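Paired with chain B in one complex and with chain C in the other, chain A is shared by the two complexes that follow.
Up next, the complex of A and B:
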């Protein structure tokens, strides 16, 4: 071939700065048309920023973007879309109150006019059917399961003649079978001539689907696009992690962190360590329905001291409600909750914390920390809430204790007066650990404790949870990352529609756990 | 019976126009608490416009211009200066109520109410008993229908709602939430001007200080009660007007037996009831989250 085809998408020395932070630094990469390209890297590597630059949502500080050989105006979604670049977001960007048909229409361009409800459904029915999305077009987004929402977001992205489709971490929210369905869909798009760029962070997924792979680390391109036949899982793992950190991790830990192999969890699981009476004992707990999520439906759950129990499940199957029920933030319709032998069914959170309940909440920056308060105020909240309201505080003494504790947890910070919002994600999580993982902790709820953290910080959190377990604390770990669950849990409990749908012990089998995550019939206990 | 219907339409029409302005703003993600101020600016500008130009058309155009300018100011303060939308809206209300009093004082040299020689044209004898109503009352159902089509049956309406509900989703398809809010508040400005004009020059023909007497807030309550839906909010506004008209009726029938103040308070009590009911029905969660997303921008 004398004339190679023009790249479908090419970034020329793209740099993006947000204030002092450089998210992308001189990234130059070009993607050949008609293939499936993977972009991988740890959290904070700049993958999402790269995708948003291509989609026009982020204006690069420097550099240019070409689509099919033509330079586009950067920083304008309409320009990127006109050139045929579409982006499917990690946590989908669909207005929850919209119907499926409305969702399709609001993103469309071209002829609009006044529609009727029926006409709109007619208009989009064939489009969705052509993409194998089976759904009633008059249902609302908020009522649909996550797999369907993703199908709709992909269909939304393809309402126009998209030539480059970028999917930002599409597998993060899916069950194993959902991932298979997604990959089948992606392969069909490739057959239709669409260039697909998948942002992923698990090596086995990359090896299973992509034609080429590009690795980002710390905002720079490390390597790529490499043809997939030329890279081994081993090499890819080292490229993602980086040599400096790779040395500090044992091989097994590294494999779990980058999802090299099918997770089996051979290193976890010491249920024999867990002895003694249950720290947490939930008996037939159901909650009243409320606006914040689906209700629990007869949950039985026991956690003993010295064990980590992982909660698996597709997001939105009652995990948040479970945490709210244990922390007295949801109304129980029936059932009882015992903490360390005491019945706390009607007890407020303060009483439960006094017994030894600790929470690393889902939303680090909303529930976990007050970003506009200082580190010592955030750190001392636990003790201050337990003392009487009229207890006199000496701030200097609290600050000293805070400094000691934060140093022990190797938090990188200037001084304890700085605002919590000025810390990176990993350091912010360490502040929460310093507060919640103390020697009086008897039950620690760790809700998505590593979400958004880079590999070093993730390994740190895992280590902290293991140490707390070895000291005899009971740990409830909620995660949507099966590698994480399988690596550090002693038992895994699967939640589906607010119920417990299976319980597993190591060695974990991804197929049966995956089946329990989606299929009500797979009620098994291995 | 006709009398009651006429009374309801007279008091309900200005409220409905202003309610529609609130609906559009709400759908775009702005809690517009400046409705009261916009309405009184519209009322004052209409009467002053009639006095100065001697033309009702010119007067209404002046009112529209003033209200749109005030709405753009609100947008600028919220969107560009990043002020809290609630406080900015209340500020606009203060500006409207105080500014119109100042304008009347400086133009006519007294704080007394200003009476115009004529108002908005009436429907005329061809409509029988209803001929005393102004043409903007007759136009009201068509405007409600038009806004319903715009918001619920066009892509523009979908994008507007997306901007309020999920600004990031709107941005992802190329819409500009900031510009959409500007458009929404500007359309609202036009509607508030017509609402204010109808209040001052529809059945009456005068402007007095503070004459909106909380109708803008009542309209805002109708937006919440009606779940930001154009027809729902219009029905809520109409409900408040019905309660008000029945209150006046009751006053005439029972005279002194019921405290006069209590009957006058009826529409306001109905408003409180309506907001309570809507909170009961929907938990009020959606509105709170859309406000949070607006701040996130």
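Up next, the complex of A and C:
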């Protein structure tokens, strides 16, 4: 290693403070060019903040940033861009009504002007093809699957000949096959000489793609960049959560979290608990087709108290509609739904919630939280809706209750008046959990509850769901992560094209579950 | 709380910008800008009796603006305060005809209720259209303003026409003195009492009830509130109706108080000034009170400008428009200045 090449990106003692919160403190790290670097750490560790400093979106309180050996003026997007640093955000948003070509043109150049649709499509076709994004350039963003949208977002970031591409939790929105596609794309970028920095949570993903890994904890750099060959999954987990916490995780949980073992979970398997009358009972439920997703087609599903039922399936096979149907947010064409013995087929969501329905929705930032409202308002919405609208409240008392609850769920926040949008992704999810997992919950729908959560927080959510189960709640868990499903479900139901395509009990066999996920012919029951 | 302070400071900076801009414009137009600014301050607050005069305008504006704030908070852009103000006054005027001769302690509340119902009704249909078929409420309420304006022309030159009217402006028969709630100066304990009661009740509604919290959540993210099981129409429609009722109340006060009658096209800028006030106050009830006093001052200065600075009274409209421009532009620059050395966002 004599005369090493200049680092692609180097942070020198970067500190970022938001008011009283120190998001990064004295972080010094340098990333070698032409490699794939992973950055990991717990929720709120400062990963996104680091990325935003590099991209010029945040002005550090102290410290300097070098790109390719040249110091850049921090806090200016244009400077970072000019130096070749591009960031794809954790929750990116493309304009839904734009066509792909328009998105590329105006998103990348930011210039207006007269254009013809055909001209634009011509212009961007080669660029997208070069990055292996297969898409009709005249389709609108809202009609595209999330994988393709992400591909476009990456392509957009690469228009300006980026030399350092930072992807903030790109895998959080993807299905397993989408992740494979993304990683293939990232490897091709590496071949083209682009330095890629990936912010990730899953250790398996880190070990699978990265050349080096850097660990942040509490705003400080713990280690890194470490060559990937020198770290084991075990060690990485310890580095992320800290040795003290690592010791408290049991063996079984650890394996599922680290996710290096191939998923043949024995499952939690408490069928002996699950004997009472069904909490949720759906009989031949079909929904009317609508714009929000594929319709349900004759779903029969029963969940008993004390049971966690996992829904497996490739994304877009009716999981969202299932959640909407149970939540009275989709129109039923036929069939009936019973909740805790009561027929709620025509009942509104408020009535179902009063019976004990709780929902951790798919879209955390849209369906779960109002990002521009304060934490206490977000947290109290469920309870406030149970009483009369004119009920007098004392905000200070509500805020205290909110503080107590959020502390119980170990949410990292400053005070309950802060906007939900200022929390890190994982902490935002915990606020939803704190609201939805209460002692009156009888059926908890958990849709991708651990998406974007760090391994400590993931273990915490699993624990919370198990505890709710042990209290006698029924839980419907929807996840694209088979490790997660197999680890905590008592039963796994596979959905395909809006139908139930197989039901499995522990021990789960990955091969047959996988077959049921993709093949209608494999209608088996183990 | 620091945040709401910040918004007030920001609004004041906008207002200052707007005043300076207007002063410059008038300077170039050949007027004496310092004299003009002085005339505004003098006419609004300094001259003896000016404060009373400013409050006379401020109180009805405050009532309408609080209502506007409530609908805006819930995410419904009720631009129709002007129309609801007119329909409220019209309904109160009809009720006055109907209850003529009754005892004042019954008739006065009845007229007030009639006026509020009228305003509420004029907000109800755009609200229903929005919720039933998604019709943009900005357009319907704006149209509602014109319809109410024409209705006012019709009733003052038709059913409620004052036959002895001088003919310059069609107007209704004057309200019996027994039912008036103030003299023509327009400031009386009754009106102050109504405004204070409205202020307190609405502050409680916004800050101390489940409705307040949920409506504000719904205004910022309706989807989230729906996933909590709320009926958006309940929150939205009631906010809409409350704002209409309050605008109607303000119209009724103008009718039963200072004006004593309704005239076609009276106070044509009331609703829009109220919207401006709500925006300057960032929809906050206490801030609305402060902003209403300020704009009430401008309204009273308008009458004083021609005498003092030789300016047409319409100069105040230009000042209002300039403030509106700055408020809606929400300049990034001011944000940056205010966050000086502060948190990047």
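What we mean here is this: the second predicted complex is superposed on the first by the 309 of 526 C-alpha atoms of A that agree within 3 Å, B and C clash if a C-alpha of one lies under 4 Å from a C-alpha of the other, contacts with A are read in each partner's own complex, and residues count from 1 in each chain.
The working rule: a contact is a pair of C-beta atoms (placed from the backbone, for glycine too) under 8 Å apart; a residue touches a chain by one contact, two chains touch by 3 or more.
As the structure is a prediction and not an experimental result, all values here were calculated from the model.
Residue contacts after overlaying the shared chain place A:388 against chain C, while chain B stays out of touching range.
In the superposed model, A:511 makes contact with neither chain B nor chain C.
When the two complexes are overlaid on their common chain A, residue A:291 makes contact with chain B while staying clear of chain C.
Between chain B and chain C, the partner in contact with more residues of chain A is C. Look at A:129: by the touch rule set out above, it reaches neither chain B nor chain C. Within the superposed three-chain model, A:377 lies in touch with chain C and out of touch with chain B [touch as defined at top].
Once the two complexes are laid over each other on the shared chain, residue contacts for A:368 go to chain C alone; chain B is not touched.
Looking at chain A, you'll find residues 57 touch chain B in one structure and chain C in the other.
On the chain A side of its complex with chain B, the touching residues are 55-57, 76-78, 81, 87, 89, 93-98, 102, 105-109, 112-116, 156, 290-292. Every residue of chain C that touches chain A in the complex is listed here, in rising order: 204, 207-211, 213-214, 216-217, 220-221, 223-231, 234-235, 238, 342-344.
Within the complex formed with chain C, the residues of chain A that make contact are 18-19, 57-59, 75, 327, 329, 348-350, 352-353, 359, 361, 366-373, 377-378, 380-382, 384-385, 387-395. On chain B, the positions that touch chain A within their shared complex are 149, 153-156, 158-159, 161-162, 165-166, 168-174, 283, 285-286.
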